[in-house]
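Next come the structures, one after another.
In the two complexes that follow, subunit A is the common piece, with subunit B as its partner first and subunit C second.
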Partner chain A sequence: MQDVAHVSAAHPVEFEVDASAYRHWNITYDGALARVAMNVDAAAPLREGYELKLNSYDLGVDIELADIVRRMRFEHPEVRTVVLTSGNDRVFCAGANIHMLGLSTHAWKVNFCKFTNETRCEIEDATESSKQVWVAACNGTTAGGGYELAMACKEIYLQDDGNSAVSLPEVPLLGVLPGTGGLTRLVDKRKVRRDRADVFSTTAEGIRGKKAVQWNLVDAIFPRSKFDEKVLERAKAVADAASKDLAPGTRKGVVLGKLAPEVGPSGRQYRHVSLTWDDTTRTASLTVAGPSAADVRTIEQGGEAMREAGSDLWSLRAWRELDDALLHLRVNHMKVGLVTVRTTGDLATIQAHDAALVKARDHWYAREVLLHMARVLRRFDNTSRSFFAFGDAGTAFAGCLLELALASDRFYMLEQDGVQVAMSELNEGGLPMHNTLTRLQTRLLGTPDQVEALVGKREPMDAEAADDAGLVTVRLDDIDWDDDTRIAIEERSSMSPDALTGMEQNLRFPGPETPDSKIYARLSAWQNWIFIRPNATGPAGALTLYGRPERPHFDWQRV
Partner chain B sequence: MTTPNVDLTGKIPNNVGLSDDVKLRRALETWLPQYLEWWNDMGPSDFADKPVFLRTAVSVDPGGWAHYDYVKMPDYRWGIFLDPNAEAASIKCGDDAGAPAWTDVPGEHRNTLRRIIVTQADTEPASVEQQRMLGHIAPSLYDLRNLFQVNVEEGRHLWAMVYLLHKYFGRDGRDEADELLMRRSGDPDKPRILGAFNQPCDHWLSFFAFTMFTDRDGKYQLAALSESGFDPLARTTQFMLTEEAHHLFVGETGLDRIIKRSAELQRQDPNGDIRNQGGIDFDLIQRTINYWFTYSLDLFGGEISSNASTFFATGLKGRYREDQYTDHRAIEGSYRVPVVEAGKMVEQEVPLRNAMNEVLRDAYVSDCERALRKWNKTLEAAGSPTRLSLPSRRFHRHQGLYADHRFDPAGNPISQGEYEANLGRWLLVPEDNAYLLSIMKPCYEPGKFANWIAPPNKGIEGRPIEFEYVRLD
Partner chain C sequence: MQDVAHVSAAHPVEFEVDASAYRHWNITYDGALARVAMNVDAAAPLREGYELKLNSYDLGVDIELADIVRRMRFEHPEVRTVVLTSGNDRVFCAGANIHMLGLSTHAWKVNFCKFTNETRCEIEDATESSKQVWVAACNGTTAGGGYELAMACKEIYLQDDGNSAVSLPEVPLLGVLPGTGGLTRLVDKRKVRRDRADVFSTTAEGIRGKKAVQWNLVDAIFPRSKFDEKVLERAKAVADAASKDLAPGTRKGVVLGKLAPEVGPSGRQYRHVSLTWDDTTRTASLTVAGPSAADVRTIEQGGEAMREAGSDLWSLRAWRELDDALLHLRVNHMKVGLVTVRTTGDLATIQAHDAALVKARDHWYAREVLLHMARVLRRFDNTSRSFFAFGDAGTAFAGCLLELALASDRFYMLEQDGVQVAMSELNEGGLPMHNTLTRLQTRLLGTPDQVEALVGKREPMDAEAADDAGLVTVRLDDIDWDDDTRIAIEERSSMSPDALTGMEQNLRFPGPETPDSKIYARLSAWQNWIFIRPNATGPAGALTLYGRPERPHFDWQRV
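On to the complex of A and B.
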């Protein structure tokens, strides 16, 4: 079987795209309104072996969408309503390309689903946090991932032409689950009655017209001849509502400059981030350098100065680099199981950076920078690699960078003069996890007193103090450091990667559940399990045989 | 809404035990008034009070299925009939070929079956809507009668499908039956499901082409469904096919008569100019063939189709005359489909089941070729040098593999520019309509025919050609 997932150092998937030449999307701007039309080029799949017919998508299509969502927030802060629609006459979106899924390895499917989920969550984040409200104008068949994409929008309008339906045909047709949060959003976000959701999710052809409105599957239906007009009307009303109480600041966009890392055979060097990997030990090393004093000075002048400084500001650039490095690691280095995380810089400078950023956060741009930082950290939380943070000589785990240690599965800290960690405002809020808690609260869930004791604490802590505060997993002196960390790495690398992924995902997210956390947890637990079961992907599985002449044969045993 | 008291069993000839079926009666009691309202709104315009010499199926006996008499169309007795030959039917194709047929809807296939039935059903009222104004410009009483015969029988075919929806699909089925009366051909907001049934049919040239080509798709769809493992569907469609044959006859002979007349006019005119003689020139006839043949090809669905494979595999829809095949599972075979790759045609081998639409389309195309040969014989006999042809099945497509590419009528890939520049030569254009409407004036005198069409060889049911097929006084 040909594997579309086949990637290599020679042909890595790149997540930076040329925003001036999207292949699959058309974007138009009109003041507070933007129109994003999906118009997938069937002949331009990310990998060979399938065609992207009927506005179906693969990772390449979604990488562009993610870029669009992100850029919209930074580059077009004047936009209040984003109308997501289709450039295809008959189909809004047919969902993930089934032939691509059929050709993909399990790991590729999982990475693909995770990335598309992150993009959907980002659409919701833009709607809720940036008052850039995405609405879906479903001007045709809206099936599977297409409907899930629509559900990520605040409102859904469906063309009422007797034909266009919304549907989740995954269970009845493919023997898998909707992979981008469809079931969760159905009952948790749209609050569709669970019994109706049951009927809907087992009806391949879906539901259209008035019934779709009655069941709250969509917010409104408009006749075909009036569809554009009614959508525009609605989009304007949404824009008006979203224009109230906007974050202040000149609403002039900041163009996201190219990251253009230096790419070598065993590493990617960005301006502030370095990622190196070693395929023989299946480990990677991720290092993030902290901000400069000049960065801090800019931020201290407030949001307008930050905006004028543009996308080169450390607070945005470094985190975009980190995001790109994480994605690269996930998709192009599947066998790397353990990532060691280091930071460099000056603790006090980072603390000053965070304080200034928090002070400036009323400004829309500062706000976007913070929201972006939070999203990158959530991507980190959701990355299925073991992360060991190493606080050794020259380390700078302070404030926003301390979050990387707190997000890691373990934090090793060296007992040595000058090796310290420090708190900032950003450890106390502003960079929430999917469970709504701070990483500090999550880590110290059983000892809220320890969290309380740390709030407002700004003095740097050495290894002992940090250990007492509950921040350090393993404290080592310089005699033990090399051996113990080497053994820890080797031991971790020897364990089952599947078990580690499952274990880490279970341990990383204690505390409350949110729709987002449910989506990721259920994706990992249910969808990924079903994907690998013979009933879906065995020789007689429904996904395997979709589009083929044979019919699926199920093992009827309930598990 | 109160349910009108309708004497259903008296009004509806049937062999489905309607009088004993409370559930079915209740459903039809609500639906019948809506149907009549739809017929009044969307059926043939202005001829409701005229007696028409119509064939009515009053029973499935050899003498009963074709009962001829004068009837006013709203009084036509739309009946519900199943083909009576039903001893121990079996599933005819797919994985379960040979197993006993389903007499009730299997839950596993319920939604798929409903979709198949609704899609077929939707075409029946659609064509009535498309043809509703044609009575005003009929070329003869004979043709007027044929139009109305087609219309009432399409209405009956809707009944036949609604019977299945009411009888076997519960509440969903009733909702779908209601919606069949709400969609409207060509309505931008509530269009009929399939493209060809939303195209205007403004004149009799299109009417004949429609009954020739589009109704012929119906024949093949019905024939494929008559092989269904869902026995009620198989038996319903078998009976529908007997009526459909007349519609095809109307279309095929209608075009043949036009061709014959055009050849006469060509001979009569000193310059061979048919239009000069008020007739329909062969280029226009060829464009009409191109137009309706290709729209009808779309109705068969995608060339490579998962749905087609599923329908066949599950035994819901067979091939045309499934019994002529020996292998009814068709799991092994393959089919070569020409596909476009980098602007060139190459053949792609696909599993036979996924090509079932194309297999059915093959049967249809060769049937159409047969008609073309017949028309060309008419031309030959009339001494005309002209020959008509079918365009390539890739030309002018809106569904399937070829919809996103442009081809000339011979099937060669061409550019968008070339395509657009030649559309007026290849397909019906608005000026054609204007011309046709200018020559199509009603001709209601018994035995007389409009100038642009030849009389038929014989009348209906042994009646002479000059018989008063519709009483207009």
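On to the complex of A and C.
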């Protein structure tokens, strides 16, 4: 198998893209309306070995889409409606590129699906939380991942031309699942009847016209001649309903500047974030520096001052850097199994930062900064690496940075004068996990009284107090610190990476479930299983043979 | 690989066992107290090739346990406390037998885990719904599946002897998950802190003594000298608290008689249930006959008359037969991918049956009969085969039997005079799915007004009316019936069995999640994935090499 996913130190995948030169998307603005047209350049795949025909996508196409969704929220806050459509006259989107999938390693497929899932969840977050409403104008064939993308939008309009259909042909044609949220959004978001969903998901040619509306697969159909006009009319009405309290025209965007980290053979240094890795021990070290007093003063002046400070404000930049570091780790350093997490800075400054940010949140920009922070933390939650947070000398796990310790699988804390942690408003809300709870509520699910006792507590806690409060996994004095943490790292690094992934995924998210958590924890797990079954990816598997004359050969055993 | 799971027509696994001669369990009764001691006969595995040392279990051991749990509810309703303990002086239970797992095919492992999960959920159902409270008296090493079994009990008592520990060593020792509910019950049922759960699940030797209590891994520890006495004292208190409204001594049990189906080369004929299979087309046909007027008259006389009628009453017997048929299908006919489901009988009689049963439910036996029916239906929901319900001439999908159509992936209904379906009280409650909803609520999740409109509706509905009500997937006239259903069967039977399993698992359970649904849909999916990863089951995988001197060899890529 040629491995299109082959990533070397010389050719890492980069997640920062040049927004002035997207290769696969055309964006036009008209006041409160934006039009994002998918127009995939077939000759520009991320890796060699396949062509991106029929508006099919690979990771490169999706990295651009993720950039578009994010920038739209910061750079174009005047936009209320985003019409997602196609620049191709006959095909809205044919889904993930099958040849790319066929050429990819298992790990690449899983990483690819996770990233695309996160982008689709971000479209929903923009729609729900920022009232920047995405709608899908399906002006042609909408198949597989194309329909999954449409389902991430608030409404779906399908061209009624006797030909354009929506479909999820993965099961009948490829022997895999519509795993980018497809099955979950079908029955849990759109609430399509489960028996109809069964018919739909096994009908390769899909469903079109009135039946698509009746089954709630789409929200409306419009004839070809009136498609653009009707879409616009309805999309505006949807956006108006969603954001009726919003004063138009008062928002000025903030351009997201380049992060441009210093990249070396064993590390990436950003302004506030440092990521280093050691391929021999298969470990990495992630350090996030807290805000400065100047950052805090800016925020204390309110949302408009924050906006004027632009994307260099710590509250945005540090978290964009962390996001980039996490993605880099996921895709370019797959053998790194354990990440130690540290923070530096001043506890009181972080607390002041969080308090000021929460106070400013009525301003759209402050709100976006908070929503962004929450999304990065959810990316952290969903990253399949073991995280050990180390609260040793010089540590600064307070408020939003304490979330990194709470998101980690373990938190080691040193018993020493001056080593402390502290709470802020942001540990009590504003940065929800996919299970809707705060990380504190999730951690202390069995002892809600401990959560209650921490509400409003702002005094710093030393290791003993933090341990009593339920925040610390392992408390060590400085005699034991080096040996015990070294042994913990070595032990963790010796265990089966697969078992650790499965274990962490099941321990990190107790409590309630949401469509998002179902997508990441349940649908994705089934898809991962199917992706390594010979019936899909063996020499005679359906995914392998797609597009070839041979018929797949199945082991008929039902598991 | 020797396949211990090899099942032939000549040697099918049977799920009915001789309750007078359990091989692996000793049961003693003392009034309201029962003691179930695990005492596995190492020399009596279900298949050849491994020994069941150290109270480890295989499917044969668990089939007996399932029988014990079920019989206890029907045959010993006077029992309020069940103390689950070990007949072995040093080992409570060492979990699933590793050598058996190492020798088993993937499909066997998955089936085995599903059945053991169902048994553990039934222990919880007995505890919660029947107030027959199971507690675990861990009088020795409680490892892996042994601790998972203990976690299914309401409370766990551990002997404090400096040696006995509870542990989940699957991740560090075997490279697989504690997948029989372990990880889920740890953080979702016992609400152990997720970071402590991380430490515990990666510590092979486990945790004992006071720390086990502090971390809520067990509910109490007692010294060896006082263990039996203290367990009894506390277990009685727990049971008294659970069933304080229960008048003691008024219940007389019902012995569960043998089902003894007629077994042929292509079918099993029970009194009310018929299962036939065709290995060429990989399809099976399941038919359930409804109750007789005499059955209904018995029930109308109330719970005590029902009890006197014994286990031959349709309401119990037919559902025990269905349960046995489903298990037989799962384990002995793995290549059957599609099951057509039919019912026969009289709609009004079934409706009268359901109404009488619901009326009698204040009697313990009527309640047990209902709880049993609900469990069998959940086994149906969790069976990884495609189910197409066929409502053609002579059909009797009413009330409790209509649940079979609602549980099926599709319901085909014939447009013909006399072909009707009908609702009863049991479609409105009493037979909940794992997601806590009725099957009607689940099906009509997006249109709760349709659910509302059906409440109290008792007039039979023809195909058109049933379709309007949202109950029918495909409505066909008699000209199309044969061809269209034949094509549907052929199409379904041609698709990848893995993709269908994953798809059905994601479409059948929209809506809320519970620990049970997390165990079946999320934890199990991750375990299934890990079970086929080379890091676990490859030639140098951790599960394969367990007990041998070689160290496992891992592909370190994190997925």
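Everything below uses one rule, namely that the second predicted complex is superposed on the first by the 550 of 559 C-alpha atoms of A that agree within 3 Å, B and C clash if a C-alpha of one lies under 4 Å from a C-alpha of the other, contacts with A are read in each partner's own complex, and residues count from 1 in each chain.
Everything that follows uses one rule, which is that a contact is a pair of C-beta atoms (placed from the backbone, for glycine too) under 8 Å apart; a residue touches a chain by one contact, two chains touch by 3 or more.
Predicted model only: the values in this text are computed from it and were never measured.
S.K.: Where does A:G547 make contact in the superposed view: on subunit B (first), on subunit C (second), on both, or on neither?
M.R.: A:G547 contacts subunit B only, not subunit C.
S.K.: Given the touch rule stated above, what does A:D198 touch, subunit B (first), subunit C (second), both, or neither?
M.R.: After superposing on A, A:D198 lies in contact with subunit C but is clear of subunit B.
S.K.: Identify the partner contact of A:W215: answer first if only subunit B is touched, second if only subunit C is, both if each is, neither if none is.
M.R.: After superposition on chain A, A:W215 lies in contact with neither partner.
S.K.: A:W481 in the overlay: touching subunit B, subunit C, both, or neither? Say first, second, both or neither.
M.R.: Once the two structures are laid over each other on A, A:W481 reaches no partner at all.
S.K.: Going by the contact rule set out at the top, does A:Y270 touch subunit B (first), subunit C (second), both, or neither?
M.R.: A:Y270 sits against neither subunit B nor subunit C.
S.K.: On the A-aligned overlay, A:F112 touches which partner chain: subunit B = first, subunit C = second, or both, or neither?
M.R.: A:F112: touches no partner chain.
S.K.: Which partner chains sit in contact with A:Y57 here, subunit B, subunit C, both or neither? Use first/second/both/neither.
M.R.: Neither subunit B nor subunit C is touched by A:Y57.
S.K.: Decide which partner touches more residues of subunit A, taking subunit B and subunit C as the two options.
M.R.: Of subunit B and subunit C, more residues of subunit A lie in contact with C.
S.K.: Would you sort A:Y365 into first (subunit B), second (subunit C), both or neither based on which partner it touches?
M.R.: A:Y365 contacts neither subunit B nor subunit C.
S.K.: Of the two partner chains, subunit B (first) and subunit C (second), which one does A:N163 touch, if any: first, second, both, or neither?
M.R.: A:N163 contacts subunit B only, not subunit C.
S.K.: Using the superposition on chain A as set up above, list the residues of subunit A that contact both subunit B and subunit C.
M.R.: 172
S.K.: In the complex, go through subunit C and note every residue touching subunit A.
M.R.: Residue list for subunit C touching subunit A: 106-107, 110-111, 170-172, 174-177, 183-184, 186-188, 190-199, 201-202, 216, 282, 334-337, 384-385, 408-411, 442-447, 470, 473-474, 491-492, 495-508, 510-513, 518, 521-523, 525-530, 532-533, 535-536, 542, 552, 554-559.
S.K.: For subunit A, which residues count as touching subunit B in their complex?
M.R.: 42, 160-163, 172, 203-205, 223-226, 546-551
S.K.: Quick check: in the complex, which residue numbers of subunit B touch subunit A?
M.R.: Subunit B residues touching subunit A: 95, 111-112, 115, 179, 182-183, 188-191, 193, 306, 309-310, 313-314, 330-331, 351-354, 404.
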